[in-house]
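You will see subunit A twice below: alongside subunit B first, and alongside subunit C after that.
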Partner chain A sequence: MSSSSSRSVTLADGRAARTASVSRQRLATGSAWALLLALPTAWLLAFLIIPVVVVVVVSFFEPTLSGFNRVFTLDNYRLLAESDVFIRTLSNTVLNAVITTVVTFLLGFWVAYYLALVVPDLRRKFALFIIALAPFFTSFLIRAIAWIPMMGREGLLNTALLNLGITSQPLDFLLFSDFAVRVAMIQLYLLFMVSPIFFSLSTIEPAILEAARDSGAGWWAILTEILLPLARPGIVIGAVFVFVLSMGEFATVRLIGGGKTSSVGLGIQNFVTYIQFPQAAAAASILVLVTVAGVAVLFRYGRVAEGL
Partner chain B sequence: MATIATHLQDQTEAAGAAASARGKGTVDLRGLTKRFDGVVAVDHVDLTVPGGSYVVLLGPSGCGKTTLLRMLGGHATIDEGEFLLDGVRTNDVPPARRDISTVFQHYGLFPHKSVRDNVEFGLKMRGLPRDARRQRAEEALRFLDLTPMADRRPRQLSGGQQQRVALARALVTEPTVLLLDEPLGDLDRLLQLRMRIELRALQRRLRITFIHVTHNQEEALAIADQIVVMQDGRIQQVGRPQDVYRRPANLFTSGFMGDNNVFPGTVSAIADDEVWVEGDGLTLLARHDGAGVAAGQTLHASVRASSVSAEPALAGAANSALPERPNQILATLVFLEYLGDIVKLHCRLPNGQTVVAKRAENVRVWEDLVEGEPVRLEWEPHDVQLLLA
Partner chain C sequence: MGRVQGIQGGRWLNLGLGIYFGLILLFLYGPIIVMALLSFQGPQGGMTFPLKGVSLHWWQRLFGERAAELGEAIVRTLVVAIETGLIAAAFSLIIAFAYRRRLPGTRPLFPTVLLALMTPGILLGLGVSLWWRILNMQPGHLSLLGVHVVWALPFAFLVMLAVLNRFDPGIEESARDLGASELRTFFEVVFPIIWPGILSAALFGFTLSLNEFERSVLATSQNTLPLQLWAMLTVQIIEPDLYALGTLTTLITFVIVGALFIPTFLSQIRRFSRRRAE
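For the complex of A and B:
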């Protein structure tokens, strides 16, 4: 813009013109930013902030058989706090989320390591990454349902075990159990752990690892002194993804837990089904609170900002 | 194992006496070979590097110099041949057990560790107790003027400081050989000029072997005791900077060292200490003992641009008959390149070949030269180098 218009004028004029055009440009980018951010802001406000506020408000209303009265009460929380079932469900949900997060990290780190540091060229890296993403091309629900023919009483795994004579009767815990739910969630969320670790590890220059080896570091020292500290931001972000997603789980729990197991998410869905909105809202508020606390712990001890 | 401080003490004590003994850190390479998927990267390299000397491996990218360095450091396996360090076969010794450290290209500093922890790392890996390694790291930091920034992270340092951290980290384990892979490549030009002097001074103070890889001819000439010119995985020439510069052994070295004028020709006569070469439109006379040269042989003769003198010729003479004296030719000045210290004269011979003459700026003959006008080029027999290989 400015260069073509100022080319013919003198140097001093040119400089003035450039200054003017820079400030004009800054103004333009300012309003462009406002425009770009307005839509997402409105979106967030309409579909996240306002609903969350509504949920929190409703959680303090008095329930009726088919809805609520706008009367303030703490009963919804008190009932949940006194309910053994809810406490058990909540702790089971947290336990499942923690196990899923830990196991996806233990499995996913090596996948990320392999992709980032072992596969030599970029094209093959991305090809493998796309292949790893392949399950995400199908719907989330289909992937959960696909576990049933795999793990069911007459599923592939049980049939194979029986035919090989390893077991004498079908293993029931493979489906409709906490174990099954955890295995399924680990599979579903593994890539949310792999991706950020992969990107963290990808920024490591090969010379850093060679320098470590040159200084006498063995594989354990390289892992603990170099790789894990440098992958920390990716690990924390991956852990946040997996933890948050696992905490909110209900579809996988319903399909693969088969009623033998529960989660807070599923409980909320049940409350909603029975039109008990205040209880649902209270349970949801507690779930969000616990989840946010978990994320806060991750960020606090992950010191994620330091590594970025 | 002596600390860096005692290294320095040794040096002052032994100033005169110990100059005789061949220092530690002598590297012997015998037929060293490396292949990548059948492509030969390093091809039967034979080389002896005396202990305590500064050797520069010089060559264009892909010539095998970095691969050779990595083989010495233990970061690439040796497919064939033998690597002896102070007479001991070192082919299969892991990197950390060799008395060799590497300063990697782009340094490879640990970005999440402080400067001090970077320097301490090698000692920590060797299992030194905390106090001992702290003390030795402090010494190394002091030695390289890094004490004030010991607690900073590498990315908070300038390029030159980062390079010194890489040096401190490599030297803290007291190697007898230090390998440097393009150590000045990341620095801007002024810093390069300063750091290359510092590197040279550091090597003199430590009196250990430095093997330094670069593609920069000037850097190699400025720093090295011995330059090893490499191309296609092979050593093209080994020699002192002045040998490689003045007497390139072959066509590659002559071209790579820059500003050499190369003339193809046929040997027409051999006298006592003179060889006559008939080129295309000119006769070259070289001061040469005639060894390895036979009459009728085709070869190349090389003349450094700085050995070519130029003066104005009479107008119209460029198209006249061939000059009768050897080592003299009429050409046309195509382009006069003023470079401050020197003036580069790009001239075209009647046969179309370009010849470059470099003249000192303060010798004002060049001011009489005009682009597009004829110019007489001339050089001395002892400036003609016959390229036999």
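For the complex of A and C:
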């Protein structure tokens, strides 16, 4: 410590030691991170990836009375392809999903528009958004059965229609029908459409709209040439959510459809009830294939990659 | 006019949209409100209108006979929901941190987490039950917890990403530069700042698990509350005490959602308006 040179040496040594310890620490943290990351990775593997793979594999197994034999066969698919009931159920499922997706977009876009562009105050905007979002967290089953008193023969809608003199007798198609299932599904999934559109509309700079208005663009021009193109990623993501969820739907179909209508999801559940696992797996694989095809069409048509 | 930024269209159009929004809220809440009203149906009343008197008959039945019948399922539901909340929060924290630091191995995790969101519940349930069969195990608590965490994880992860986006990495760096170890940095610097975010991720998972049905139905042999409800709905003749049960669980969910969102969004708004003011 007597001369300045020895002091600088100590400093340099210290720095070198510190660098070494830092890199040792980095290495240690690296493996600690690997260990930590292994947990969620293993979980997703065990409860997401492997189950999906197992479904596809079992769909090629031979069915037995108590389950399946590990013998390769295409019979499960052949039986489903030859079954009129399954084909009708599949097309009905796709039709319901498409209708739900289109209607949630038509209804939901204006909800998102109102929240993002009309409500001026930020606090009110978020408050209203949360109020609209809250029912999503409640039980889907409860929300489905809540439709029964609305739509039944003596339900609220029929009573109102009768009292207003619009109809002379109760409308039977309101409950236990495809119509009822679609209405309930639209209500269940509306918010999956509204949220992404709301977020993409919210990110639009007000200055862009002002500039468009200043250069003489009318309301329609702003809507079709600015808002819709800029909201496109949100619309496509919302459509994918709603389509995928309604393709897999079965509880609503069972409770509101009342046996008069069906879905592939419900069919899968019925197969499992009768211990026909390979058939259930084949139906599920077809469902996934059709769903993925639908999603691919949406992504392609929506050109999301460009928008991001 | 200039004060109200971004406003679109004329006054009448906006008024019309306001009314439309009200109608949509009616569409979303109407059935729930009707269900709540009908839970106060008189003892002779049925599942639909008209109300045959007003009584607490069905609520008493819910807390009497039904409670005894449902007790086990309620406990099981709560246990799984708490576990789901904790695990989803921990996992989302790990993934979000790793993702933010662009650690190797995180790249495939992000799409996998999103895949979890898009996998139909019935498929996941069927897959787990078949896999358990192949392993010669009876589907039960673990398989149920497994699919619940998979369902809750994407939501918890998105919450965590939002939280970490607001967290200044400079704070973390300076702690490390001052010689704090990774662990110490986390527990003494990072955790005290982001714990509300971790809590909301856990509550998210808790709520989602509490009401989960589609993934659970094939994934376990032990009934949770929604599964028990499903059994009642599909096998037994339903009675208005189920409306009471639905009203009760909906109220509980709203309370949790309120507790979850109100503080988060208030702070978000405060930050937002501060940024605007600058």
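Going forward, the second predicted complex is superposed on the first by the 270 of 308 C-alpha atoms of A that agree within 3 Å, B and C clash if a C-alpha of one lies under 4 Å from a C-alpha of the other, contacts with A are read in each partner's own complex, and residues count from 1 in each chain.
Note that contacts are C-beta pairs under 8 Å (C-beta built on N, C-alpha and C of every residue); 3 or more make two chains touch, one makes a residue touch a chain.
These numbers come from a predicted model, not from an experiment.
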{"item": "Partner chain in contact with A:Leu171 - subunit B first, subunit C second, else both or neither", "value": "neither"}
{"item": "Which superposed partner A:Leu79 touches (first subunit B, second subunit C, both, neither)", "value": "neither"}
{"item": "Partner chain in contact with A:Leu157 - subunit B first, subunit C second, else both or neither", "value": "neither"}
{"item": "First (subunit B), second (subunit C), both or neither touched by A:Ile99", "value": "neither"}
{"item": "Contacts of A:Val290 with subunit B and subunit C, given as first, second, both or neither", "value": "neither"}
{"item": "When both partners are placed on the shared chain, which of subunit B and subunit C touches more of subunit A", "value": "C"}
{"item": "Which of subunit B and subunit C A:Ile145 touches, first, second, both or neither", "value": "second"}
{"item": "Which of subunit B and subunit C A:Ala217 touches, first, second, both or neither", "value": "first"}
{"item": "Intersection of the subunit A residues that touch subunit B with those that touch subunit C", "value": "206, 209"}
{"item": "Subunit C residues within the subunit A interface of the complex", "value": "3-10, 13-14, 17-18, 20-21, 24-25, 27-32, 34-35, 38, 47-50, 87, 90-91, 94-95, 98, 103, 105-106, 109, 112-113, 115-124, 126-131, 133-134, 143, 146-147, 149-150, 153, 181-182, 207-208, 211, 213-214, 217-218, 226, 229-230, 233-234, 238, 242-243, 246, 249-250, 253-254, 256-258, 261-262, 265, 268-269, 272-273"}
{"item": "Interface residues, subunit A side, partner subunit C - complex", "value": "25, 29, 32-34, 36-37, 39-41, 43-44, 46-55, 58, 67, 107, 110-111, 113-118, 120, 122-123, 126-128, 130-135, 137-143, 145-150, 152, 154-156, 159, 187, 190-191, 204, 206, 209, 219, 222-223, 227, 240-241, 244-245, 247-248, 250-251, 254-255, 265, 268-269, 272, 277, 280-281, 284, 287-288, 291, 295"}
{"item": "Touching residues (chain side subunit A, partner subunit B) in the complex", "value": "205-218, 221, 225-226, 229-230, 307"}
{"item": "Subunit B - residues contacting subunit A, complex", "value": "73-75, 95-97, 101-102, 104-112, 121-122, 125-126, 169-170, 173"}
